Amino acid sequence: MNRVGRGPRDVREVRIRTGVQRDPAGSVEVTFGQTVVIVAATVGASVPPWLQGKSQGWVTAEYAMLPGATPERQGRVQKGRSEEIQRLVGRSLRAAVDLKALGERLVTVDCDVLQADGGTRCASITGGWVALAMACRRLMDRGLLAASPIRHQVCALSAAIVDGEVLVDPDYSEDHRAQADLNFVMTADGRLVEVQGTAEGDPFPEDLLRVALARVREALPGVLEAQRRALQEGRFP
Amino acid sequence: MNRVGRGPRDVREVRIRTGVQRDPAGSVEVTFGQTVVIVAATVGASVPPWLQGKSQGWVTAEYAMLPGATPERQGRVQKGRSEEIQRLVGRSLRAAVDLKALGERLVTVDCDVLQADGGTRCASITGGWVALAMACRRLMDRGLLAASPIRHQVCALSAAIVDGEVLVDPDYSEDHRAQADLNFVMTADGRLVEVQGTAEGDPFPEDLLRVALARVREALPGVLEAQRRALQEGRFP
Amino acid sequence: MNRVGRGPRDVREVRIRTGVQRDPAGSVEVTFGQTVVIVAATVGASVPPWLQGKSQGWVTAEYAMLPGATPERQGRVQKGRSEEIQRLVGRSLRAAVDLKALGERLVTVDCDVLQADGGTRCASITGGWVALAMACRRLMDRGLLAASPIRHQVCALSAAIVDGEVLVDPDYSEDHRAQADLNFVMTADGRLVEVQGTAEGDPFPEDLLRVALARVREALPGVLEAQRRALQEGRFP
Amino acid sequence: MNRVGRGPRDVREVRIRTGVQRDPAGSVEVTFGQTVVIVAATVGASVPPWLQGKSQGWVTAEYAMLPGATPERQGRVQKGRSEEIQRLVGRSLRAAVDLKALGERLVTVDCDVLQADGGTRCASITGGWVALAMACRRLMDRGLLAASPIRHQVCALSAAIVDGEVLVDPDYSEDHRAQADLNFVMTADGRLVEVQGTAEGDPFPEDLLRVALARVREALPGVLEAQRRALQEGRFP
Amino acid sequence: MNRVGRGPRDVREVRIRTGVQRDPAGSVEVTFGQTVVIVAATVGASVPPWLQGKSQGWVTAEYAMLPGATPERQGRVQKGRSEEIQRLVGRSLRAAVDLKALGERLVTVDCDVLQADGGTRCASITGGWVALAMACRRLMDRGLLAASPIRHQVCALSAAIVDGEVLVDPDYSEDHRAQADLNFVMTADGRLVEVQGTAEGDPFPEDLLRVALARVREALPGVLEAQRRALQEGRFP
Amino acid sequence: MNRVGRGPRDVREVRIRTGVQRDPAGSVEVTFGQTVVIVAATVGASVPPWLQGKSQGWVTAEYAMLPGATPERQGRVQKGRSEEIQRLVGRSLRAAVDLKALGERLVTVDCDVLQADGGTRCASITGGWVALAMACRRLMDRGLLAASPIRHQVCALSAAIVDGEVLVDPDYSEDHRAQADLNFVMTADGRLVEVQGTAEGDPFPEDLLRVALARVREALPGVLEAQRRALQEGRFP
């Protein structure tokens, strides 16, 4: 195993820097090892057509890679995979808020991958939650909301099954030769918002799903802590 | 609970009728209760660019709804959700075959939903496997392959958490008020090809994931049997 | 001539099965020999912008082929030919109704070819008229219309000039080697809604147009009868 | 009837000016009364994929309206109707040439409507044939073809049924209140390349189709003569 | 230098013919030597969304080439370059009008290149101004505007640096081997609306920019005069 | 004038940080005050079709804004303006290299605006040149090129005419109320690669163009110095 200096249960270094863009209500740069994602949460007035007049809000996400984020340059239009990821990010962040309490507002969370080394969707969700929380705090600071509509702290971690071993937070080279990829979106109290497990090679036994979930659960507190610290130190421009 | 005449662990009636289209190498109409999907597997000569000259094949899927498949007519272009489902179907069916043994061929599995009442992605995978197996058999019948490249029997079942109870194979009305949706793609020997669980409302505890998986595993034999029977009776046009 | 068991004036077996989809107001599967088309008529509230406030309705059609409908798999986007056919189907069905009497409603008639063996546009019109009539009847059943807005029974038949002979309702193999293709959309009283004749090879003399029209007129009663029978037996879900 | 100064059988003044564009192999401005179309025939090396290596050529057409061609400005993208017309123009002009004799070449005939007052598709075909003939002549002049691949002189005329009367070559105002529109594409010897008749209001009896065809046939010589004269005087740049 | 019969400071013959299309409020065919552009100015009711309710108008432009306008046939979709040119034309013509005085109206100026031999963007602006002025005059004639909103006479001329010499109004063959292309949009009183200079080969010294501007300024009166004459003689259909 | 702490001739602080992305051959983050652009230069094997086999290379650019780069969130598709800017960046950078000496390679320069406060196109060109030079150096380091194909140092600066005064390197608020915007792309020896001047309000006299050019020329050395320093210190990942 070539995960230099870390055991199978170790997450890469997680850093969340706030305020990297001046204009969005919430803005972070989130780093998991060599993976870097810029996330912006913007608050807009218009909810999607099917919600109009229902006095509730909506959270949506967009996900894209900068062309230089990977060893081979990628074109700007990367539909299939991006669509799927941004739907996952959107669902995960909606689970974090009370949409009624948000009021008739649309929060758009833009995730732009600056550097891709595995785990970009989990980084997007983890950073996205901080950006979303910043945006909600700004609404409160401006007197537009009396209480925060955030009801859960949400973050995400992946795992890979490589040579029969479960590795938490795999980087690209580990991901690449994995038998299975798993992504877990969870709340701070350990409940599941989303589980996704995909066999890349052979189908995998239920046991390994259980092991992966256990190890991710163990590693979660560090990620949750990084989110909380970012919000406290938050340099809000 | 309004699941007329069935308990939480019961799958709706599953029927798989082969040969509904004359031209594709594999063709089925798969029914789960009121959900009906037409699936066609076509064999083509050209693999995607990145596989050319690697002497291996590929399986890809397309998924769409006929506009009249739902109570409200839907337009023909339904990108986000369809993209996601067809990627899932493609991954699941690729897990069923030995791509090397398939040879430099592309099998395209088209899933067109005639009637949608919940579980269309699982029906697509379940029927898709039969259509894929038919296409492989035709390649053998024509002397183009010496042995079947199918290495696993693959099928899919969904579950929903409704009012704290796990319901297997929910129909649309159950799905609609579920706290969480779960989809399992599995092999005949009970291993996992894909797990997808999504909280629609509150996050759900790991326990319920475990219960859902257990109940789906219990219900699987009936679905696997329907696939096998279809292949045996197979009216191959 | 290889039209097994039928003379030049014979139409293939025409079957119209209603209620193949549960949700649309009108739904049929129409069969001309090996050609099978699924047709759904849906009633919507919003007429096109240029008709708004003019207290009249509109009928529009969409036409597509399932990818597995032909010997060679076809991609889902088949613009030129499909556009032309759906415009023809729309015009033909509009001729069947009194748009004023329909009220400010949009009826969309979706024609999806399950299996193509020649004559798909005529099958779409013939089946489309039944689906449209079913949709109008439902409006009456629900008390939304006092009288039927249908003013003509409309159906369609094609003919081909092959080796100097006029063949009614050609299948694909006949069509393929025809000197000319002709399509006639007609009312029950024998008037013309649309005529389309195209020389595929040499230009053809007016005489043959006349013969084709005469033979189609002769064969029409069988098709009209199939439409009427379908409406009477109509299993309306 | 307000067709100032002309009887029901009279065609508007037809003028065909060659050489209006310097670069295309064939170039004309064709005028039917107030309708003006610019047509260019360009010869290219590459036939469509499905014809490659079959030692035969192809003729294709594109049709568009300049935004200022109609009383209401129209956007540049006018898909449905334009697609249908350009397919008709392409088919009609292909009927005029021996594609084998043309050799592996693609002739593209671009029809751009400068001013629309009814009959633009017929003007496009009529002018298109002249542009096509010019392009073939240039191939001969340059020694690329030994003999002309043109095998038929092709032109087109429309008719309208207005108040029970058949009017040849209707202008827009006549077209607009017509019960039916008819378009005939014919060869110099009176055979049919294409017939299209559409009831805009009530279905029409076969008799009127016959009258329309007879009147168009009568009026044809003037149009054929205009084509021939243009080719003789042809100012070929 | 092969500019037959003209010196480096000479503009090609400029002709502006009005009324070439019957329907648009303003319509011209503008010719610079072998370059021919058809320009139509249409007046519409709806300003862009961001101007609604601001009681001011807008002028926008579209630019396209007919496929036969160049030695090699070009497809109808020529995004990059056309976008850039139409934005330039739009900006230049907006500079000519008092948008407040225009009232809440949208003037669309369509520039369609019939023949391209260099300088099509300058011809579009020069002719576009005449079409725009015609459209404004029609608004006054109809009593919709009390005074003309035109506040500047605007035209455009290009220059090229070829072999160290500045050539005014280069044709395509001069343009093609130029070290730099320059375009100047100016008012009748000699002020600048837009300057664009692009080195195609080596960067060029500021001196040559100055010479180019001086020579264009010298040549401007002839172009301004052609605009004025066209407006006076204006055959307004 | 509200340009806090700087005179009309002062450029904002320019910083160029290299190596912000690990994968591209050249990578910088370029900052002009509050404007931040991420630029990546990637080297690919395939030149555009029209250059194949001509033993020369090509440089192309893409320009986009992250949705959170501006006070109002912008959608990811911003065609017109982006097209124009990326064409400018591409032309400007091509002027910096000897395309023959580059060999049959394509360098793609991606400019993604992280934060927009005026002058993004000039920042893109200025940073783009550094990324391009880094990419060329890597080709030399890997022995793929014997000598650098860079023949000019190229950078860009803008100016605005505000209240009759020429301000160098305006920020967004200055730009916004400018009478005219000017952009100059220049080489280190003071020659012009591109000039673009646009009157936003009233046309402007030639004098101000001259003043703007003089002031930009004066300010250039600081920008050129920032480019050189970045290349020397270059942390090349």
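When the chains are written out, they are named A, B, C, D, E and F in that same order, and each has its own residue count from 1.
One rule holds in what follows: a contact is a pair of C-beta atoms (placed from the backbone, for glycine too) under 8 Å apart; a residue touches a chain by one contact, two chains touch by 3 or more.
Since the model is a prediction, treat every value here as computed from it, not as a measurement.
> Averaging only over C-alpha atoms, locate the centres of chain B and chain C and give their separation in whole Å.
Computed from C-alpha means, the inter-chain centre distance equals 33 Å.
> Could you grab the centroid distance between chain B and chain E? Build each centroid from C-alpha atoms only and quote it in angstrom.
One centre to the other, that is 60 Å.
> On a C-alpha centroid basis, what's the spacing between chain E and chain F, in Å?
It comes to 28 Å between the two C-alpha centres.
> Approximately how many whole Å separate the CA-defined centres of chain A and chain E?
That gives a centre separation of 51 Å.
> Mark out which residues of chain B touch at least two other chains, giving numbers and ranges.
There are none in chain B.
> Select the category (line, ring, star, complete, other) that matches the graph of chains linked by touching.
Topology of touching chains reads as a ring, each chain with two neighbours.
> Could you spell out the chains in ring order, with the walk beginning at chain D and its first step landing on chain E?
The ring, traversed starting at chain D in the chain E direction, is D, E, F, A, B, C.
> Which positions of chain E touch chain D when the two form their complex?
Contact set of chain E toward chain D: 20-24, 27, 34, 38, 40, 42, 44, 62, 64, 66-71, 73, 76, 108, 110, 112, 114-115.
> Where on chain B does chain A make contact in their complex?
79-81, 83-84, 87, 91, 95, 152, 180, 186-187, 190-199, 202-206, 209, 213
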